[in-house]
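Have a look at the structure below before the remarks.
Letters A, B, C and D mark the chains in the order given here, with residues in each chain numbered from 1 onward.
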Amino acid sequence: MTTASGFQMPKPVLAVEGLTVSFDGFKAVDDLNLYIDRNEVRVVIGPNGAGKTTVLDLICGKTRATGGSIQFNNRELTRMNEYDIVRAGVGRKFQTPSIYDNLSVFENLEMSFPKGRTVFGALFFKRSQQVVDRVNEVAADIFLADLLQQQAGLLSHGQKQWLEIGMLLMQDPELLMLDEPVAGMSVSERAQTADLLNRISQGRSVLVIEHDMEFVKSIAHKVTVLHQGKVLAEGSMESVQKNPKVIEVYLGH
Amino acid sequence: MQWLSDFGAIAAMQGFNGLSVFCVLLLMALGLAIIFGQMGVINMAHGEFLTIGAYTTYVLSTLVQNYMPSMQPYYFFFAIALSFVVAGAIGWAVERVMISRLYHRPLDTLLATWGLSLVMQQAFRSIFGAREVSANPPEWLMGAVSLTDAIEIPKNGLFVMALTVLMTGGIFLMLYRTRWGLQVRATVQNRVMSRAVGINTRQVDRMTFALGCGVAGVAGAAFTTIGSTGPTAGSLYIVDTFLTVVFGGAQSLLGTIASAFAIAQTQSVSEFFMSGSMAKVLTLSTVILILLMRPQGLFSSKIRK
Amino acid sequence: MDSSQTIAKRFLPRRLTLGAAALSLIAASVFGQMAVADDANSTGLAVTPTEVTVGQLHSATGTMAISETGSIQAERLAIDQINASGGILGRQIKVIQEDGASDWPTFAEKAKKLLVGDKVAAVFGCWTSASRKAVLPVFEKENGLLYYPTFYEGLEQSKNVIYTGQEATQQILASLDWIAKEKGAKTFYLIGSDYIWPRTSMKIARKHIENVLHGTVVGEDYYPLGNTQFGSLINKVKLKKPDVVFAAVVGGSNVAFYKQLKAAGVTAAKQNLLTLSVTEDELLGIGGENMEGFYASMKYFQSLDNPNNKAFVEAFKAKYGKDAVMGDVTQAAYLGPWLWKAAVEKAGSFDVDKVVAASPGIELKNAPEGYVKVHENHHLWSKTRIGEVQANGQFKVIYESDLIEPNPFPKGYQ
Amino acid sequence: MNALDKLMGGRQGVIGLLILAGLILVVFPLTLDAFRLNMVGKYLTYAFVAVGLVLCWGYGGILSLGQGVFFGLGGYCMAMFLKLEASDPESTKIQSTPGIPDFMDWNQITELPTLWVPFHSFSFTLVAVIAVPVILALVIGAALFKRRVGDVYFSIVTQAIALILTVLIIGQQGLTGGVNGITDLKTLLGWDIRGDGAKLALYFINAVLLLGCILIGKFILASKLGRLLMAMRDKEERVRFSGYDVASFKVFVYCVAAGFSAIGGAMFALQVGFMSPSFVGIVPSIEMVIFAAVGGRMSLLGAVYGSLLVNYGKTYFSESFPELWLYLMGGLFIAVVMYFPNGLAGLWESHGRKWLAGLKREPVPTVVHTPAKPAVVTAAKPDSASVNSSLEIQP
């Protein structure tokens, strides 16, 4: 266990150990260790092809690991299927905003409400007051309170990003994984998002992939640098930025 | 004792039979492997392109018979070439007016091409009549080569086999050794990117589809030596052919070959021990069951998504 | 309730109907032709003083069109000839043709249309057993009259159907006897397409071979309709070396089967083959050279040498071109209208019940196949012939049986 | 909106359903003679399949080319019951073994096969009609969807299954009646189903059942499950990572579609009086897809009109110009798929409504989505059905 993530908390929420995946021999993620604590916002950075997105895929079950383990609240995720991982409390936002263009903002959020998830549950699902309240609450969080009836396809790019984050919040996950949440956002939107992330990190852990260093600075408690599927460096933003290996990797090509 | 040697001979011929069934299946599947495997287009009218080849051969053979009987022994090679051209040309046209508009809707391509197959079948019926016709292949293709007095190898079987090897080899070279093949595979991998690097994907698609249909045409020509030629002759093959390609793992030409071999041998061997119908059921069910357990087919590479 | 009778009742006082019926029966038996013409019109069928309507129900489209075209043409030819010779009971025959489209429910549907909608006096049609089975209930319910031309598996006998083709035993037994006698055949290999006619035929054949000829069946195989790969089968034949291959393969499979036999070197020189399913029609597709020297068992061949047949072939070619060929079924279909004509004239009425009643015993001396007679069981007495395939796509008739009694429910063969 | 409205899909939906009901329950019976009405009845049995296809193809994005399998199974279950009733020892006394179906007798079968025995019971038959096909669908669906088989693979596999079943039925003719199928069905519980009166009654039963299936369909689409189906077609990954077992939903609609088809098959056997493998195979299965496509793959009601129109056309043209028929059928199919992916319903949405609104000088109902009116949305987004259908299996 690296000293870095060692001793604030004996039990990290997420403990990734020796994680490895290879596609036809090519190791996209190679013997990776990663520990994230409650209330922590962790940002993973690294050059393209470093395996950042693959790590998220592995954690949420989209890709199956070739080796290693992923412990989430002492539950082994590597052998669980996607929806069980989600139900266990892991939420994941995709790189390109992935929402239901045909449905209204309200319905998009409603979809993620953790009720009526089985076939017959869905068949007889009733839009209770509880649901409506929750939706309004989240909508307020993600700055879309007055766009609830809007058809989601018509939202701006930034708003779509928020909506997807909102859909995750509906599930009230313990671990929130965001793949480039501010891509394509205006400066002001980025500020709002940073503020949003800081708010929602309370009581849960957030794992973010991001390129925009300004944004990273504004949210990251700790930064992990990936390179060729391995952890190159880990620590505070400052320490990482001083790290010669990191500089070499980033400026080296 | 006599019986034993007989049995050896039969075993040999049975093995050969398996091989020739394999070649037939492969020859049919090749065109599809290109169109479906490489382009991801489901062409339900594939069987009809096969029929086009068969009819082309039939027309040519009747012409030869009536006008230049002397050519009888040789016309067949020309017929094969012509079948390729005709089927290919029609395929090119079809791609242009129909397929090209449906690339983003694979399921709809399937339905539209099925409609096309209906039209083509009726067209054959209107032009050549509903009756089965028979292109008579050159004499040298008939009869069998007797290795021993017991072991006899049908010549047309050998011929189809040779043709299959030739076609397969050719397609392999085209796909993996030529610039065109590179473009095709590039387009398959990433349409947008290929366009960006200056590949005329439209052109590539069109040629690929035409090639696939052409190959089907050749298959049709070859089948006139072993099978019948009728308006619906091609549609008989379509399901087996698709299964072969799917079973092999669509993207992989090697897979297609392997699955054609597997299916053919199962069919041929089981036919030897049970009634033909049951053999068919057994073979298809086995394929389906394996597909249920391994939907990506025999050969398929794990892709980073 | 029988439609034609209800209508008859509706339009006529009962006594008159009965009287007329009785009268006509007497008239028919005594004066034959000269039956009371008015009575013929009292049946609720589409019969006017100058015209009588019949239906034709075959597949003009779909997979079966291949086989049924010949029948359509033959029936037309017969009807034209009858009309030319003054029609029936002084009436011209009008034909309504419906397309069964090779689809069994469509057959049933169109049969109902012809009987209920068009009120046709008789229907000439169907080819496959499946289509016949599909229309049979309709004909029995609506009390129609069907003339069915195809040689078939038997095991059926309906008041409303006249079977102008041979039933299985007629076609099979005589030919088996012949080949056993001529070729001293003891071992047989039975091969068929996988549906009821071949299977039933082969069952009859097996019983006859084992119980009567005291031979052995060394193999029995069925392939799906449309199958085109017979390599394994051919190898099995080569292994078992039967004296005779007894085949009932149909449709596209036929072509593949014989081409591959020839390709594998299994020719008449080495192997006796007797088929139930190859007529001149099929030979067009197979190509005579691919089957040369093999035998077919039919009741009719185009090459049959008698004046009736010469006239028939001539007329047929005159109407449909010199390249037209006539097979067994074509000829059987041609008999339909003539048999109906004879029965109607004997009954002196188009009323289905009367025509049916009059049918048994009807003789045709002008039949291309020679002489036929309608049996009480609605099948025909007929001769069975063995034809040897010639390279030119014709058959050489090398054997002719005596007149054989039809026996659709052969005891000891079921 | 209130429950009923939600179920029917708003006023538009209610009106549409009423019009259809009026047409098949009142107009047809009054205007058509017994013979034509019986034909319409037959067409309507195909509509069951088409309605099912709207659910699993139009909304679920699952194109099954093997619906004939379920239609056939349902039909055969019913036919087996009817055949047993028709083969009582009295009417089959000429057979060497009286009391068994005639075709079994021809195949030297001397006692009723075990498979047939339970079909002496009508209640068992009714259960089997639905259960057998649905269970099969469950197995196929579970096996394929749990493994994320791409849409096209699924289509091809289902097609192969249709082929297998056909060959099997034909091969086992001692058990199934082979190519001829199970023919000459006479009575249902002693009630002669061949008379015009009976046919009329059956027609109404059929029509009511069909409307029932449509209502079930509307209920499913109006529920959250309906929205989930659309969401899945749109962003399957997103749905999966919102904690849903995507496969189970696909299996569900597939089973529902199978169940509908089976009912259609059973009603077919009852109304037409026989069942044969020619409804199980590949060609009939794809034709049933045409019905749905022509009517509108996104519209339950459209599917019914599609079935009626295409079949009427088939009958009419094959009577008038047999030669042209296949050209028309093929052409129609190509045209619909290429230019009107949403079929008649789509055309109605895009033109009919405006026209109607124009007549009534009412504001045109805008094409904005409300969950209960999915057909409307997708009219705006024609090929969304297959936009994101991918060839390879998603890893």
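Please note the rule applied: contacts are C-beta pairs under 8 Å (C-beta built on N, C-alpha and C of every residue); 3 or more make two chains touch, one makes a residue touch a chain.
These figures come from a predicted structure and were not determined experimentally.
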Those chains which touch chain C and also touch chain B: D
Maximum centroid distance from chain A, chain identifier (CA atoms): C
Cα-centroid distance, chain C relative to chain D, in whole angstrom: 37
Intercentroid distance (Cα basis), chain C paired with chain A, Å: 77
Whole-Å gap separating chain A and chain D, where each centre is the average of the chain's CA atoms: 44
Centre distance in Å when chain A and chain B are each reduced to the mean of their C-alpha atoms: 49
Chain B: positions in contact with at least two other chains: 122, 125, 275, 277, 280, 302-303, 305
For chain A, residues contacting two or more additional chains: 62-63
In chain C, residues with contacts to at least two other chains: 61, 194, 222, 224
In the complex, chain C residues that touch chain B: 61, 63, 65-66, 69, 194, 221-224, 226-229, 231-236, 238-239, 251-256, 259-260, 262-265, 281-282, 284-287, 289-290
Chain B-touching residues of chain D, taken from the complex the two chains share: 57, 63, 65, 140, 143-144, 147-149, 151-153, 155-157, 159-161, 163-164, 167-168, 170-171, 282, 286, 289-290, 293, 323, 325-327, 329-334, 337-338, 341, 383, 385-387, 389, 391-395
In the complex, chain B residues that touch chain D: 40, 42, 98, 101-102, 104-108, 110-112, 114-119, 121-123, 125-126, 239, 242-243, 246, 250-251, 275, 277-278, 280-281, 284-285, 287-288, 291-293, 295-296, 300, 302-303, 305
Complex contact set, residues of chain D against chain C: 35, 38-39, 42, 94, 96, 102-103, 105-108, 167, 170-171, 173, 178-181, 183-184, 186, 194, 272-274, 276, 278, 315, 318-319, 322-323, 325-326
Chain D contact footprint on chain A (complex, rising order): 60, 62-63, 81-83, 86-87, 91-92, 94, 98-104, 107, 110-112, 114, 116-119, 122-125, 151, 164, 167, 171
